[in-house]
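One chain, subunit A, links the two complexes that follow: it is found with subunit B in the first and with subunit C in the second.
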Partner chain A sequence: MTNYIVGRLISAVITVIGTTFLVFGAVRFLPGNAVDIIASTSTVGGPNAHAQVEHELGLDKPFLVGYGDWLKQVATGDFGKSLINGQSINRFLKEGLPVSAELGLMSLVFGIAFGVPIGVISAVKQDSWIDFVLRSLSIVLLAVPGFLIAVIIIVVASRVWNWNPPITYIKFTDDPVHNLEQFLLPAIILGFSSAAALMRFTRTSMLDVYRQDYVRTARAKGLSERSVVWTHAFRNALIPIISVIGVFLAYIIGGTVIFEQIFQLPGIGRFLLSEVNTRDYPGIQAIALIFALIVVAVNLITDLAYTLIDPRVRY
Partner chain B sequence: MQGNYWQRLNRRRFLAGMGTGAAGAAMLVSGACGSSSNKSSNGTTGPTSSGSSGGSGGSNVPTPPQISLAPDLKTIQSGTPKTGGSFHAVLGGGSPDQYDPLRDAGYPGLQVAGGCLSSLVRAHYPILGDLTIEPDLAETREQPDEQTTVFHLRKNAKWQNVAPVNGRDLTADDIKANFDYMRTAQPDFVLGPMFELVDRVDATDAHTVTVHTSKPYAPLISNLADIWGKIIPKEQYADDLAKQKPVGSGPFIFDHFTNGVEYVLKKNPDYYISGKPYVDELHWHNFDPSNPNLAPAAFKAKQIDTGGAATIPLALQLIKDVPNANWGWRYGVLNPMMLNNSVAPFNDERVRQAVMYAIDPESIIKITWQGFGKQGQQIPLWYSEYQLADADLPKRDVKKAKDLLSAAGHSNLDLVDKTFQGGQLAFGTLQVQQSLKDAGINLTIQQQQWADWRVNVYGIKGDFQCTMGGEFDFLSLDRQLWNSYHSKGAANNRHVKDANLDKMLDDARGIFDHAKSVAAYKAINKYITDHAINIALPNGTAPTATQPWVKGWFFDWSAGALLEMNFLDSVWLEAH
Partner chain C sequence: MALNSVAADPLSADFQPRPPRPFIVRVFLQLVREERVGFWGGLVPIVLMILLAVFAPLIAQAPPNQQNGDVLLHAPSFAHLLGTDENGRDVLARVAYGARVSLWVGFASVCIGVAIATVIGMVSGSAGGWVDLVLQRVVDVLMAFPSFVLILLIAAVLGPGERNTIIAIAVFLLAGPSRVIRGQVLAVKGNVYIEAAEVIGCSHTRVLIHHILPNVFDVIVVIMSINIAFAIITEAALSFIGLGIPPPNPDWGSMVSGTETAYLAQAPWIIAAAGGALAITVYAFNMLGDSLRDILDPRLRQL
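After this line comes the complex of A and B, so read on.
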């Protein structure tokens, strides 16, 4: 087990480094001359602004050297300063991470709480009208982007009830009620729209398990249907479902970027958008690193969780 | 001076300034411009005869061709100001990138900084009203001769009681330092070209500043009264502190911000105008510009005190939903088809004129602006006294266009218009493309990423054959015209080298007599139009609103000049 964890940690580090390497390179290939753009708006001025900005970006160094320098800086916990306004990236991350984490976690909880049970019910009631309705619902949620649902809800609520979600962010610790009022709607919509795929996967996994001999045996032994479903079938169906949750989380992380824009939430997703628009490389790289760390960590945790669910799985 | 001047031009700013996307505005009532019945609160009453007072219901909904432009300024300005409360406004164009107006802060940064920073003088140009230049830090001024202006500062003026100025007195030395700062020889000091003629600034005593120019320079005051002409303390010059946080002597102190979402200013207790500001706090809210429903929804829910809508259909719906708001329609930014005068084919005046005569402005008004537009000119339309008569404006003439093209040696012509992504939908580009076809001109639209367009096409590099994407309008006509069309202008992206025009622009700078100045600038307007140095496409108008309880303040006539930001000390809120 220890060897497995060590191996996975090494693999995680390689993954994160690989991701940041790709992002480090990719931003430099974004359309438009980034140095021109940054030099024209950044804190660096003067006739040599172009050369100075190149130096700040490390573009006057070989690519690998520049990347190495950035990694060294990040290893000390310093994500650098905005090239546009000189403010510390660390500051924005410190403010934005709790917001995105709250939205992400709430969405994850809603998504799992919605997607998994619905998938189980749909599988148990296969080919019934309940199954039909639930599958149709999942298709709708898959087809219609979550942000569109969000905007429609805002527009309808505004037209019909003159209601709008809160537009001022207040921390949970300062006013939990106001905070939840602001987060509840985006978390539900993001969670539900992300859950459609999870629901379908759960259904497929359950159907596969439901046909197994041991399930038939359990039923033959006279166990209640509830026990058959939740104790025997669901637990075995859970393994592939858990593996999907890592992907599910990545989907939610991507969703937070847009949902933070719509619902006035000052998370790092919203920050990422503005950084991309202004070609503020330090910010983009920092957030990419954080997202990569989160996804890798969650996937590691889900893999380790298998051992709890399936005693046959040992590393 | 280089072209970082252009950086303040932000796609979202243009779109916000025009009311984004297709703004529709009805044709102006022809008598509205300058009509004595529609003057500002400086003169007489507000609304036009189409009945848009601030308080009526369905009659407030404008329809082409007549619209009601002005809010009921008489009602807005009536009543005894009450203190207290928080004023919630909408940031136009995204979140602030930085806060130093002298170094080309973007539109949102200018809005936030506008409440924190003061000027020597400030300009006010209400919808359908008259332009006034009012005292700000300079309580009085005098002009002993055409090259000398003396400003007498308010003796009680102090910097805000926050670091790094800590409430110290604001003196003539600060103003002198600010002039030097404004004229720093760096590309991003966008006002530098406008003060090149300032020869010397003397702090005659602690509260007297004397500005000497090397030549008579009439636009000095309008440049200082512009939203960019702010006074920044010298402690903020180094390390780009002025970019990071606005600290000044204005009515509000920058308190805190939630990045990208909300920017909060608090009342400055040491503000030099006694009794002001009235409100305790000013909150700037940033809504995602790509979701035009968000700000109107917040306005309807009474979460914000200023409103409007990104498109005309949304605006008309919002007017129906909130009929008792104070509504005003104002002009968006200039809408030119910029031609590169230095390269083929536009280095030939006949080709430029051919394009001008081939364009169908009515189609742009009808389709892009949905009827709520007006043929544009070289000078912003809200500068009504500088406008040319309709008879002096070019009318579509496809035959003439073809004849001119033929005379220039072209039977057909292929052109490339570089624009930013989405820009072709917002400025009439598609209608231009369509109408040019009738004259045998094929216009290919080449889309670029916004930032790339801004720097390399729209910027001083002017790497284009032609481009459309809006253009900012300024209070200062010198900045509007000299900077853009003079061969030495820092914003001359059209690469104009016209000795006659240079002379006209130089001469206009030295004219102090108002009537003669108007005549001179009208002549420049006509010259640029007749020679098709720049083709002015129709402008749209943008609806804007405040909640009925907002008093003492409304938006000025130009969505782009931001002059109302100079008067945030006057806003107060009725109980509601």
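After this line comes the complex of A and C, so read on.
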């Protein structure tokens, strides 16, 4: 057990080092003229703008030296300055992270609240019309991307009720009710549209458990169907579901980037998009790294939780 | 009696084994024989979309980028079967030419990505040792990023455009598929026929290409069919946020985008046409992928 945990921790650390390598190294693949494009729009300005931009990106140093310097800076929590307007990246992160975290967590909760029960019902009523309808729903959700659902809902709302998503962002600390109201629609749509895979996975996992002997035993000893489904089957079906929560979260994070754009929420996802548009690499590096760290951490936690929850898994 | 004429005696001297059918024929016959609704439900829309893309110049009633100030946001009519957009461009033409972009990016990125993933997976699985260790840690790193964030990062470095979108999606597809293929190679490697091939002196390359590759081929086909839907959605999402195919090129993702949804609300036929085409295509590839997987390798259910 200890061996497994130590091994898993080491591999997580290696992965984190690898992600920093990739995030820093990606800039090295910039096409030659990109630095000139940045230099032309940047406030660094002056006759030696080109050299200055190269210096800021660490392109003027040997790869490992530049990487070392960058890593040292990032390790202290300083992501540097924007190449476009010279402002501190950390300031944007500080403003944007709570917004993205709120949207991401709410979507995750909605996604699980939709996906897991629907998957369970679909499995319990296997091959009935309810199962058919729910499975068709998951097939439709797999085919219609979340951003399309969001646009359709906004268009319908605007035509029918003359409602448009608010343009100004209300902070939670200023007005919690309006803030939550603002997040409700994007979080529901994002959670719901991401839930299809979770639905199918829950259904499969539940059907697997249904064939187990202990479920037959539970029925044979006369337990109510409700007790069989929820106490005996569902609790065991949950174990594999927990292992895919990390994958689900990664999917949600990808979705928040687009949804923050659609619903005008000033999170780090929308910041990432504007940074990509202006090719402001320090910001892109910072956010890509943060997202990767979150995914690595969640995967680590689910893996470790797995060994605690499932008594059959003993390393 | 009748059976005897069908099953020739394999021990008789003049027994001629029937040559194996080509892969595509074998799979097609099996899919047809098992009468899978999902297969036809997938194949028919895909063929229709390919026809739409190929015959786009004949189907379109106007060039996709031709602006016409007289017909701004006109509803569907005989002159414009799917209506016009905010610049008076024919929506049917844009959907048809958009099909070219979507299908091309989907096929190209998956072919490139999965082809390289196959090489990585086969080398990693067959070499083992430190080669395997290093390659798999690289795959770990790629898999640590949320798919869309990694693709954004690559697209940000390369810049927008069709070719760069293909590269970005292909790079993302190196990770997951190569790991699945590696696992498959490891499973195949344990078979006696691989040992036999090695014993009679086949080189590593020969074992890899003539003995392992044919046995992981089914898995590669399943992975490709499943990921085409992913690639098409991702391309549309990139174009939707303005980082995929740059305007004014026709593209399903950018058609439903628009910086303001105001005119999309005035002209719901634009979303219906472009969004419908996107959803039907993705649905079709999902269906086809599912039935191929069920036929070729039911163990891959979790993909």
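The criterion applied here is as follows: the second predicted complex is superposed on the first by the 297 of 315 C-alpha atoms of A that agree within 3 Å, B and C clash if a C-alpha of one lies under 4 Å from a C-alpha of the other, contacts with A are read in each partner's own complex, and residues count from 1 in each chain.
In the analysis below, a contact is a pair of C-beta atoms (placed from the backbone, for glycine too) under 8 Å apart; a residue touches a chain by one contact, two chains touch by 3 or more.
Keep in mind it's a predicted model, so treat the numbers as computed, not measured.
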Clash or fit, subunit B versus subunit C on superposed subunit A: clash
Subunit B versus subunit C as contact partner of A:Gly86, first or second or both or neither: first
Touching partner for A:Ala49 - first (subunit B), second (subunit C), both, neither: first
Touching partner for A:Ser158 - first (subunit B), second (subunit C), both, neither: both
First (subunit B), second (subunit C), both or neither touched by A:Ser274: first
Subunit B versus subunit C as contact partner of A:Val23, first or second or both or neither: second
Touched partner set for A:Gln261, first subunit B, second subunit C, both or neither: both
First, second, both or neither for A:Tyr169, with subunit B first and subunit C second: first
First, second, both or neither for A:Ala250, with subunit B first and subunit C second: second
Touched subunit A residues, subunit B compared with subunit C: C
Contacts of A:Val144 with subunit B and subunit C, given as first, second, both or neither: second
Selected from 163-171, 181-189 or 253-261: the stretch of subunit C that, after superposition, runs into subunit B: 253-261
Common interface residues of subunit A - those touching subunit B in one complex and subunit C in the other: 30-31, 151, 154-155, 158-159, 164, 261, 277, 279
Of subunit A, residues touching subunit C in the complex: 11, 14-16, 18-19, 21-23, 26-27, 29-31, 34, 139-140, 142-145, 147-148, 151-152, 154-155, 158-159, 164, 201, 204, 250-251, 253-255, 257-258, 261, 272-273, 275-277, 279, 281, 284, 287-288, 291-292, 295-296, 299
Subunit B - residues contacting subunit A, complex: 3-4, 6-7, 94-95, 97-98, 103-104, 186-188, 239-240, 243-244, 258-262, 283, 285, 287-288, 290-291, 293-294, 296-298, 300-304, 321, 448-452, 454-456, 459
Interfacial residue positions of subunit A with respect to subunit B in the complex: 30-33, 36-37, 40-41, 43, 45-47, 49, 84-87, 92, 95-96, 151, 154-155, 157-159, 162-164, 166-169, 261-262, 264-266, 270-271, 274, 277-279
Touching residues (chain side subunit C, partner subunit A) in the complex: 137-138, 140-142, 144-150, 152-159, 229, 233, 236-237, 240-243, 256-257, 261-262, 264-265, 268, 271, 275, 278-280, 282-283, 286-287, 301-302
